[in-house]
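Both complexes shown next keep chain A, but they swap its partner, so chain B is in the first and chain C is in the second.
For the complex of A and B:
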């Protein structure tokens, strides 16, 4: 290309458009197009087009069935939503759920992984037992936990009863309900964090343990100072996946009650959005809540993006 | 220059992201454009009649199957597509319908509650008053109260298929006998509450069972108590947006007394079916619910009508039939308007009403049905419907208030009345819900 540049326009003129066209066609960009272009277009339209359309709808006043009126676009739906106590409650619950679920899953997963990293009998089987809940669908686990939490015949209350504790209405009592949901989700997903950490732990060479041992470090110290700092990448990627699961809590709550109205104290932005959009056909208002949920998710995920950016991979 | 060459040979991530953003923007306008297109009439292409409904299990499924069969027998040359959407709760069906209407993906007819519930589909409904109601003579043969509920926005877009009575108290005969409670003596909410106390003292059964996995059951119980204590007028004022604060608070107090003292400890995790199981197996005395519970008793061989289970009108509401309706609704500009009308004329016919309701355990709306074609319990219901002096529409099932008001009322119960029970907070939330 540099030579073309040097000889000037005359050469460029003398090269016919066919040659230029062929040159473009043979380029890496065009030849690789069929491979990345198709998913690129589908992603662009289905995902980012969808997000964009949602934001566009949220700027209108669309409600009910009928064509969308694009003539007046404003942020009215957002100011309306921000003034609504139900939105505050749902946003708070969503945030608490996201943070508590992710943090506890990470800590618990790490703890289990460290335990399983030791050599003992039935290691594989134990691993399986911890991972199994993740393979179940939310519909199954939600129903399971409804029964577990039952105030009359639920296993948890029966066990508590053995210690003389009177039955607790986990899902009916607003001071317990969100914690109960988070606990059920942790039960389901801590196995996943465990596997991620276990893979991380097993990739750390044995020699590092030995070296630290020779230097006289205790087991706890080895983990705290040598091993865990090396699990940063695993933590970050597990956290992101967990957050995505936390945002899917909608499915869990829907299966729990069979509707868009979850137990008191566990209303999250996703269920609120469904009620507004599909029970009340307030499309624009629902879309505004959806956008706020998206912003919240991006806010939580941004440290990861920043981390990736600093690593030079974004 | 060299950087340019790099870019040509190696489209980096930032370029990729930019392009993705561009396509996203194109996609946005594309979607926006497509969805706004053509609210125009598609005309009548003959085609296939699509009926969307939510009756996919139990007696609802049996009823829908029977209805389909009857239609296909009567009109063998009509090609039909019966599309069962969603689970037992109507929320999924409603979501599907709203989505499809909004995206202009129209069906011939869909099952839904009529009344103020139709506010959801405002502007997207067909008027079948002339071609169905008048032509088939339904205005003379279908119960008068139904006509009002099937009229929306001065149009008649719906034809009823069946009704459930809402103001019932179902009870387990053995539990009531063991407790020494005479159901006939229950003529007021106070009498009910003292009977519940007696059942609690004299038997091992829970006096009343209540499903509280959703807030609608409490809203429904409150509505019956309001009706019973303060009468149809107070109830009507409430649903029309002129609530009487004292009446509401009094009804909420009675509801609180019942919910706090006389229902199962695990009510908050019970679905309606699970709550009703307690009546069937004798671990609860009574339950308030729409008479769809009849379906559950009927299919269970263990319990027989009047021997094991029985019912009374909700105490203090004798002579009142709290009105619930299922109907088929016609969307405007749908691809098969002629078949839609044909379907709706069929839905209102004697044959369809008997076939469907016999299986569903609900009440036909035609006034000229031979009661002997119905099971014993439904005969009684049918008589009650025809002789009822007052038919206030149900609030928890869409007839009485718009979907938005209904959601707000449910929210008032969800936030304030699922235990602990806050009468004042619930009352003021309910007042603002109906007044808006």
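For the complex of A and C:
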């Protein structure tokens, strides 16, 4: 018996470290490493590393130019930000922009999609017209709408003037400015919602519409009761994309004025954060605002992630 | 419950004539089947009755009321679609209640009760709270039927409702649908491409081809007295055999066969002159097969309408054998006739056989127009069928 055990051990020993090493090298994990490893490292450092560093900075009192002092870590910057009326205003504006822009885009896109879904000539071309603004960059849209909204020579005020309405300084007047910016963003993105809904509508068989007609439902009732309830998945995915764009409104506002100070009444968390950090060199304070913005974005995206999870695709 | 009058109904899609001058009167409570190959215009006709298509010409009337420009909502019809068209986001109950909810003169309690009654009738009570995606094809089919029945319409329209079911279920639903229709006594227009469905279910059937109505009549009338070759070959399975030839000396003559007509037939062919092209039609089930070594009627001769042929293929079906036959000197090598023999009878492929074509069962068609010149008369066989 003993000899047998001894030989058994010697067999195990004879499989040298080279063989084991080669075995590990040939494994799926190592062989697939170059394909997912590189993006994993880049993403990890650039995105999640950045987020982590940002949170770390927000806990310090860093301001001005100089080395970061890591000695006292606390939530002072957050309490300071939460007490600041400017932050409240910016958070409110961010929220209003997010909700109003997304909701109006969805409704308008759905309306356009329903119109386009009815058969008519030049449907393809019309579809393109609505979608084209989407292909423009924020910078172009911003410059275009600065001109449209101009208090003296802007197209909108010229047209209003024809009806005897005195010029309105859309971007200068705080009670109009946020609405004006939301309107410009809707102009750019409602075409996208329309395309998403149109694809959803076209996947519903014609016979459903016909069955409801024969069941006695009017066209409006058919849409309300049969067609639109089936567009839930399309609504969710369109809403998520729109919300992400709403959070990126920073680019639009930056291009509008060429700086971190947007028109009065349209200050959002992103512009406030940039101003605090880069104009006022309040690094820690800016970082705290950035973290709050991140939490808000996570709040927006989490219902979608939950929905995906429930559908079994996450 | 309504009678439907269809007059000179025509539908054109651009240059294509889908339905061409169709006239049919459908009686109150009748089960009528529109049948024909795909693209024959039967579905378009049904959709015009439903109001989903507008006729290019002609009229559709329910009980004398012109329907042409009335929307589907105002026609009081119910339709069962080929793909059932159940609303996927609603439960079975929601699907069935949908139509009732669009009618204001019901209370909620009445609607609920009506849905449950119909569910009971169709034996789908336990499915009421499920969604269509959770149901089998047969169950979905029942729900689609239920959705139509629950509204108690003037007219039922059915667009190939059984075509997505497997063969066994289809046969079962066929009987069930028929009983249901009898019970409810609602005028029903049913579209199918399946002649078996048409034959078994209909009170009367309408055969269409290329948008043109071919013949309207009771199933047996169409089977025994088709007006043309299209109807003759479309009704019956396997199809009627056709032999091409010409009329010579009161006989049908083709390359392989000389078939003398008796007086009954020649009387019907008074308009035909010598050398006119004819088509001789005979149903597979009417062909008699005799053993060449057997009884005296196995003699091949022109007088007793018997020919020597050889068997190429035998398809055993259990209850019967489908026998493919060819004339021995047939140059083409293709089969010339299909016959049906008793399932218990043993017939081998490649054997020779004597084929008797009984003169009382033949049909004669004009080769050019395809119109029937002579159809078998059932009275001659002694069993008179009132048509």
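We take it that the second predicted complex is superposed on the first by the 282 of 314 C-alpha atoms of A that agree within 3 Å, B and C clash if a C-alpha of one lies under 4 Å from a C-alpha of the other, contacts with A are read in each partner's own complex, and residues count from 1 in each chain.
The rule is simple: contacts are C-beta pairs under 8 Å (C-beta built on N, C-alpha and C of every residue); 3 or more make two chains touch, one makes a residue touch a chain.
Keep in mind the model is a prediction, meaning the values are calculated, not measured.
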item: Clash or fit (per the criteria above) of chain B with chain C on chain A; value: fit
item: Angle at chain A between chain B and chain C, C-alpha centres, nearest 10 degrees; value: 150
item: Partner chain(s) touched by A:214 [first = chain B, second = chain C, both, neither]; value: second
item: First (chain B), second (chain C), both or neither touched by A:83; value: neither
item: First (chain B), second (chain C), both or neither touched by A:162; value: neither
item: Which partner, chain B or chain C, touches more chain A residues; value: B
item: Which superposed partner A:205 touches (first chain B, second chain C, both, neither); value: second
item: Touched partner set for A:45, first chain B, second chain C, both or neither; value: first
item: Touched partner set for A:226, first chain B, second chain C, both or neither; value: second
item: Smallest distance from any CA atom of chain C to any CA atom of chain B, in Å, after fitting; value: 28
item: Footprint overlap on chain A, where chain B in one structure and chain C in the other make contact; value: none
item: Residue numbers on chain A that touch chain C, as the complex places them; value: 205, 207-208, 210-218, 221, 225-226, 229-230, 232
item: Chain B to chain A touching residues, read off their complex; value: 1, 5, 8-9, 11, 13, 16, 19-28, 30-32, 35-36, 39, 87-89, 91, 94-95, 98-99, 101-102, 119-124, 212-215, 264-269, 271, 403-404, 406-407, 410-411, 414-415, 418-419
item: Sites on chain A touched by chain B in the complex; value: 1-2, 5, 27-29, 40-41, 43-53, 55-56, 64-68, 70, 86, 146-147, 149-154, 167, 169, 171-174, 256-261, 263-264, 267, 274-275, 278-283, 314
item: Chain C to chain A touching residues, read off their complex; value: 50-52, 71-73, 75, 77-79, 81-83, 85, 87-89, 98-99, 102-103, 147, 151, 157
